[in-house]
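Questions regarding the structure given below will be posed in turn.
Chain naming follows the written order as A, B and C, and within any one chain the residues start at number 1.
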Amino acid sequence: MAQLRLVNVTKAYGDYVGVRGFSLDIKDQEFLVLLGPSGCGKSTTMRMIAGLEDVTSGEIWLGDRMVNNLEPKDRDISMVFQSYGLYPNMTVYENIRFPLKVRRVPAAQQHDMVMRAAQMVELTEYLDRRPAALSGGQRQRVALGRAIVRKPTVFLMDEPLSNLDAKLRVSTRAQIKNLQHTLKTTTVYVTHDQIEAMTLADRVVVMNRGEIQQVGTPTDIYDMPANTFVAGFIGSPAMNLIEGTLANGSFTAEGLRIDGLTTAHSGNVTLGFRAEDATITRQGGQIAAPVYSIELLGEASMISYRIGGALVSVKAAKDYRAAIGEIVEASIPAGICHLFDTASGKRLGAA
Amino acid sequence: MRHRTFFAFILPSLVVMLLFIALPILSVAYQSLFIEHEQAMTAVETCDPFGCKTELRVDAAAMEALREAEPMGKFNGLGTYANSSHLAFDELAAIWRDSPSLGVAFTRMLNLPLYKALSFTLAYTFIVTPLVIITGFFIALGVNAIPGLIKGPVIFFSLLPMIVTPLIGSLVLFWMIDSNGILGASLQRLLGDPSLTLKASPTLTWTVLMVYGVWHSAPFSFIVYYAGLQSVPKDTLESAMIDGASRWERVRYVIIPHLLPLTTFIALMQLMDNFRVLEPIVGFSAAANATSLSYLIYNDLRGAETPLFGSAGATSMLTICGVIILLSPVLLRTWRDFNRKTH
Amino acid sequence: MKNRAERQPLPLMLLCWGFVLIWLITAAFPFLWTLWGSFKVEADFFSYADWMNAVTGTRTIQQTGSAFTGAGYEGAWVEQRFWLAVINTAIVTVCVVVISLTIGTLGGYALARSGFRYTFWILIAALIFRAMPHVTLVSGYLLPFFQLNIWGYLPTTIIVLVAINQPFTLWMLHSFFLSIPKDLDESAMVDGCTRFQAFRLVIIPVMWPGVVTTGLFSFLLAYNDFTVTSMLLTQENQTMVPKIASFLGTVQAENKVMYAVAAVVSAMGPLFVLVLFFQRQIVSGLTAGAVKG
């Protein structure tokens, strides 16, 4: 059973807390993605799982073993690093074979295992080359090959695609997804790219400042952000967030009023909606304001307004045109709105 | 950069090097073909109350005239190279003829001044260089493992033997190993052999000189390796940990390959520096038991009443040949790399 | 907080400590011993009977009445006129450093910025020159210098040391210049500088660390040289190192070894101060050549 359980894991560097109270159950064969802005503690979490970093407090369980005090090599995991961590003095073949060699796998089996791994990552033509003579994408595949060659119980990948160009990233992403599906190995994957997270993950963990913000399927996270941080981080563009006050089911902010919100709350709240949920209308819209800018995205046009201090965007049809400064109305029905408590940032139930 | 600008920038540097490095080499080559004039003697009769006698005197006027006419000395061709204090062909032939066995021939050969110096120079170069590399490597590993706070002072003290003037460094050690010095006296007492002195034992002299060589140069390889250790790719090291490599396997497969190019660099520098060993021989007053090629030249120029330019020139040319042979692997490799890059 | 990759098991830790400690003693003890001993009389510093004498200064107390004596220093500096050698050394080192750096930065810059085939050959030639034993060069200087009547003077020695130093200086500055992006001088030239102005106004200001480091090594070479200074200078113009060497002959015979010990300690002083203040530069200089490997 390759179940991975983290209980209240905390990592402190002196006074600075890198990861705080991280608790999570990762199911067997699950593809879990850690997502968050730079410096939020994703790598630290992963390195604690790998055993490269000691945990300050808390427990890490792999199956039914508590692995806190095990050396990395005794945890039966494998890891792909952002800059690959290949051995520059060895050929591709030797690189992939290295884990087998140092683990004293019988020599007779080594060759077959290496060849199988090399086939999976499509490297059979390059086995005699050194890493220096490979392209970024090929190096990345060597690192993958080295990770899968000995069938570990858990894969860890720390931003494995971030050094690749945009096109290669898409194809390698698909390859990783497919590999994981074939091998059925529990995988923890770190990224700060939400598209990667959305496309790859069974479940996503959104982190900020060392703490978990939300855990859920990509759809959950997108449709029901647990707080303003997640709302503002996920989606492109991110959710529009407007601060205002709520009373009797009516939200008011400077230049904006939305009625009919089914909620019992009142007071200072933050209202959120996604650009693609709102629509441009001729009349009767909740927003009637001058256009701040218009961006043509190809598949749509993006209209933005300045409401209060915030920039609010609304998606329009791709042939929609408006001049900057022109007054345009947008409809924001209560049904598309999300409400958050301004003070705590937490989502307010039943919008 | 245009050729003109390039040369304008590099000219001073180039001129100095040509004038004071390339030209002297030519001058040495030329001067090695001459030997000093023989003393011109005249018979002088001196009379005193007890009678008259004739004696031979150096004729200063005649010498002056000779020097005036041929300032370089007398042309000798390659004679100096072949004479007994250089390649000593005649002596070698005699040894070859007379020696009962190869071993004896070899021992006798090593008594000839040039071969004696060559043997020490080579031994010094090829024993000290690897020892410096190994010692420096282990110091670097050791220092890398201790807490950061005390690394600074450790590096400070480590640098001293290298930074200090070689002559001064060897004097400092020499006074300690002197039979009245702290090490010498303790050693005599420890081994119960009061006759044990640097002068008495060639083996001891060689050992001490080489110990000095390692002491003097180990900091260099230590620092280079230590800097190299700081740049070992962390990702690769951690990959190796996860792949299951033990501590030694990490050193073997990640750290040593990473430091290998540095080893070439250290070896090159050390070979060049050790081949010209001179100061320790002067500092330890070790010339009786150990001389080097550089020392022979130094001695020709300083030891004799008038400098023996011809002899020094010949030894210098032979030394330069030695340096070229020593460097040839590096030069060949660089040349091949360069050609591969440009074609 | 140590990360796991750096953590060592206890026995290995002890081994490291032990090894480093032994090395430290080997490296530092001779200097400390000599420094301490230079304030004793000869009978203490070279005490066959008991080395503890040198620590406590038994004979020193007997002979001078106090445990420390400056007699060695007085003898060396005043009687043997060591101060003259100190002044000469100061002149030689300062001049060598200044001239070496001036022509070296120009040359190193040119080598780093031009991609001609002959730059490669100049660098290789410099490497070969660097390998020449200094004494072979000196044997080439003596005769011409005698004939030109420039032997024995400080300027001659200075220019010779500059030349001997040049190959190393060129290599080192060349690699420092390579680490400065070409864009910098190219943008300066687009902005209207000549090549030389770009070099002087834009490159040199950002090159200071490299220049300082190289200067340190030029200083060490000039300061530590024995071969050139001992053969090219008259008695009167001698610098410290040949002066100490000549002490060995004269002073040792007169039972005044302590003069030499005091002179040696005096000559070590500036070097220690140098390492103390410029440790970082020395370390970076030693590795500058290696990084390019």
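The rule is short, and it goes like this: a contact is a pair of C-beta atoms (placed from the backbone, for glycine too) under 8 Å apart; a residue touches a chain by one contact, two chains touch by 3 or more.
Because the structure is predicted, anything quoted here is derived from the model rather than measured.
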| item | value |
| --- | --- |
| Pair of chains ranked first by number of touching C-beta pairs | B-C |
| Central subunit by CA centre of mass proxy | C |
| Whole-Å gap separating chain A and chain C, where each centre is the average of the chain's CA atoms | 57 |
| Whole-Å separation of chain centres (CA-atom averages), chain A against chain B | 63 |
| Chain centre separation in whole Å, for chain C relative to chain B (CA means) | 18 |
| Where chain C touches two or more other chains at once, by residue number | 4-5 |
| Chain B, residues touching no fewer than two other chains | 237-238, 241 |
| Junction residues of chain A - those touching two or more other chains | 51-52, 71-72 |
| Of chain B, residues touching chain C in the complex | 1, 3, 5-6, 9-10, 12-14, 16-17, 19-28, 31, 71-72, 138-139, 141-143, 145-146, 152, 154-161, 163-168, 171-173, 175-176, 178-182, 185-186, 215, 218-220, 223-224, 226-228, 234, 237-238, 241, 247, 261-262, 264-266, 269, 272, 275-276, 278-279, 282, 285, 293-294, 297-298, 300-302, 307, 309, 312-313, 316, 319-320, 323-324, 326-327, 330-331, 334, 338, 342 |
| Complex contact set, residues of chain B against chain A | 233, 235-246, 249, 253-254, 257-258, 260 |
| Complex contact set, residues of chain A against chain B | 50-52, 71-73, 77-79, 81-90, 98-99, 102-103, 143, 146 |
| Residues of chain C defined as touching chain B within the complex | 4-6, 8, 12-13, 15-17, 19-20, 23-24, 26-28, 30-31, 33-34, 37, 45-48, 51, 54, 102-104, 106-107, 109-111, 113-114, 116-117, 119-120, 122, 124-144, 147, 159-160, 162-164, 166-167, 170, 195, 199, 220, 223-224, 226-227, 230-231, 241, 244-245, 248, 257, 260-261, 264, 267-268, 271-272, 274-276, 279, 282-283, 286-287, 289-290, 293 |
